[in-house]
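The following pair of complexes shares a single chain, subunit A, combined with subunit B in the former and subunit C in the latter.
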Partner chain A sequence: MQCIIIILQVMSGNYYIGDYSILRNRQVIQGGEVIFESRENKPVSFFTEVYKHFGLNYPRFYKMDNLCKLGFLCAELLLKDKQIQQLYPAGETGIILFNAASSLDTDRNHQQSISSRLDYFPSPSVFVYTLANIVIGEICIRHKIFGEGTFLIEEKFNPSRMFSYVRQLLNDDIVKCCLTGWIELDGDQIDGIMVLVEKTAPDPDRIAIFDPGILTKIYSQIS
Partner chain B sequence: MRKVYVVSDNIITSLGFTAENNLAALEAGQTGIRLHEDEQMSPSPFWASLVDLNSLNDRFSAYADPDQYTRFEKLIICSIQDAIKNTSVSLTGEKTLFILSTTKGNIDLLDPKHGARFEESRLYLWNTAQLLQRFFRLHHRPWVVSNACISGVLAVIIGKRLIGSGEFDHVVVTGADLVNEFVLSGFNSFLSLCPGPCKPFDADRQGLSLGEGSGTIILSADRNLSEDHGKIIVGPGFSNNDANHISGPSRTGEGLYMTIRRTMENTGRKINFISAHGTATPFNDEMESIAITRAGLQNIPVNSFKGYWGHTLGAAGIIESVAGIGSIRHNRLFRTLGFSRSGVTHPIAVIDETKEYQTDTILKIASGFGGCNASLLFYRS
Partner chain C sequence: MDQLIGKLKTEIIEVLNLTELTPDDIDENAPLFVEGLGLDSIDALELIVLLEKKYGLKLATADEGKKVLRSVRSMAEFITENKKG
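After this line comes the complex of A and B, so read on.
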């Protein structure tokens, strides 16, 4: 299997990871360093702290559920100094995200609102977030990304599936660049990582060839 | 890139447990959308298309104990079991992959009325993938696509690409979703449920009807694994985002237009029939009429199947692709049940009578919350 992957890579050329961002537990990690740490325990308080610390200005953020806030912040940190709208055609940037719990965090909130007939208050502003792919929609709106989007569920971070699907989209020229990541939020557990995969090496001093190994390495950084 | 064939399929809805039964119901113009009164599912009566639980359990008991599996799992397993009857694709082989498409899976287990009998982990969609792997002794853990109402179309697109590139030889794409209190209350809070069977593209349309069901399409690089020796080929398919709104479609149909245009650029074939998403909400149908017109397809016959079995969410793309393939197999176009007078600003060729029609190439389109859109081509070899 390993051998097949290597041959395919040589055939189709390499792709590159220019940058990544991690929001895990109560830390923000970029470029191998913890760039922000919080004492807030609740995910929502942590996300608000990150939003303020990095001076973000996007009021829509406050409407989002926790899963979307996590994905939005990962994308924001990853893309903040890049003009991907200018570098790539609008329809050719993809977003391929994975997690284990889908939108269960908000699903539980919606369930709570219908659990009693005496206290029955389902709300459209909650219900709309009971789909995991809404986070892709939020990132698309923010960064004007019109390309291929897919949300997939896996029990654990699965670098070989992430690699093989994103590589296929690039090989087939369906996307010219791709945001991919593991955006997991379940209860108070936060585990978000996002990488930007491009066809050409964006920064010759800081390039990594896109493969399952580098994904594992980035994901398993001990903070 | 290798050709990808549809070698078998299935549909399970209120109208039947096989693709043939469902096609017969389309031919007869039957709807499975009825008024239900069930205090456990909704405080007020509701219109929906529901699969009869006793019939489902009867069927399922041929494979395993119905008490040990959830309603969602039984729908998926029965659909796969029926589809694999007609092909000799090896399910357990190293080059076979399953892809599961669903929006909410076992979400009804969040309610203690349904969930008390099962462990909490059963709620997670990866758990369903694990269960399928055990049940069918699969070499690989199934992929799970959960991407709102385009999940089914997207799952077929992914399966097609994975065979095209040679990574797999056979892909079993299966999808299911339930009608339960969770989704009924949610769509109700959006005021998007129709007080009666839905009326896609009609001037009097008042919203969607929910439906439950499952569907399966088995794809293969080997045309000889099908009973018809590879009559149906899966063409190009793409998805694009509107980048505009999370709960409403783009007013210009941008994402859907982009995906249709890309699909057309990647084929030399003339499209004979469009199976639209056609949920019968005012915004969706209007947006589709705009995108179809922008793509220059306003004179191509178009229908929505939602009036027959409702909106089956994560299963819709699969169920409606199978029904669309039925149009190629039988050279028949099925009318848009519930439609009588056009209610979209861009006139499109909504099919209002079931009739014979030379159908070689079909376009399946879908759109969903999160601004997602997908389109996919099937054609006769």
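After this line comes the complex of A and C, so read on.
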């Protein structure tokens, strides 16, 4: 059995992590370094501060719910200065994201707006975000990505599932490049990591072989 | 009318999360959709909710919606006319 697994691994080859971004504990981490630290405790204030600090210009950002803002910022920082639109056709880049709380944070907001019969005014702009995979849609719109997009719910960060799902897409040649990560937000708790996985080795100075071990290592980073 | 236009601009900024704008940035005569503020269909729904929630007014038809939601001024005119009635 072990031989078969080894043979399969050799056949599929290695894939590479060129870079990653983390938004957590009021910090922004990229490539292992804290590149921004905030004093803001509330997610919405923290996200706005990050958006302004990095000089981002995408007015739609303000309309997003907090989960989308988290995913958007992780992708924005990760893809900044990378030419993925030039390197890969739109259909060959995928996004596979995971979390535990799904869109619960926005679901609660929506539920509050419909809880009173006397004040029953559901907000359309809140309701449209009551699905976790809208995060993927927002990132795809921004970066013109048309490849495989899936948002999966797990009880907790699961590097083996993340690895096997993305590897399969790369093995089957469905994508040549894939954003993957854990985009979790529930109330004031923020835990966002995003990793860029590529079939071919990017910048040789900043590569790591894509496997569950490196995903765990990235996820476990505490500055 | 000017007072109502000013109030509407503030409410629109709030409900549509246009936090980078101030009321002075919004031209009350400019189209709200595509040009002007570049609003989309979800924003249109949000403006319909605003009219109902804050002013107790409902739009009867899609055609009426197009006319009323053309600009901040047309919204203010609709509110003024229907409040009078």
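Heads up, the rule we're going with is that the second predicted complex is superposed on the first by the 216 of 223 C-alpha atoms of A that agree within 3 Å, B and C clash if a C-alpha of one lies under 4 Å from a C-alpha of the other, contacts with A are read in each partner's own complex, and residues count from 1 in each chain.
Operating definition for what follows: a contact is a pair of C-beta atoms (placed from the backbone, for glycine too) under 8 Å apart; a residue touches a chain by one contact, two chains touch by 3 or more.
Bear in mind the structure is a predicted one, so any value in this text is a computation, not a measurement.
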First (subunit B), second (subunit C), both or neither touched by A:30: neither
Partner chain in contact with A:62 - subunit B first, subunit C second, else both or neither: second
First (subunit B), second (subunit C), both or neither touched by A:100: first
Partner chain(s) touched by A:141 [first = subunit B, second = subunit C, both, neither]: first
Partner chain in contact with A:109 - subunit B first, subunit C second, else both or neither: neither
Which superposed partner A:85 touches (first subunit B, second subunit C, both, neither): neither
Which superposed partner A:221 touches (first subunit B, second subunit C, both, neither): neither
Dominant contact partner of subunit A by residue count, subunit C or subunit B: B
Residues of subunit A that lie at the interface with subunit B and also at the interface with subunit C: 122-124, 128
List of subunit C residues in touch with subunit A within their complex: 15-20, 42-43, 45-46, 49, 52-53
Footprint of subunit A on subunit B - complex, ascending: 43, 103-105, 107, 110-111, 123-127, 129-130, 141, 143-148, 154, 158, 161-162, 165, 167, 181-182, 185-190, 238-247, 254-255, 258, 262, 368-372
Complex contact set, residues of subunit A against subunit C: 48, 59, 62-63, 121-125, 128
Partner subunit B, residues of subunit A touching it in the complex: 90-91, 95, 100-102, 104, 107-108, 110-111, 113-115, 117, 120, 122-124, 127-128, 130-134, 136-138, 140-141, 143-155, 161, 164-165, 168, 171-172, 174
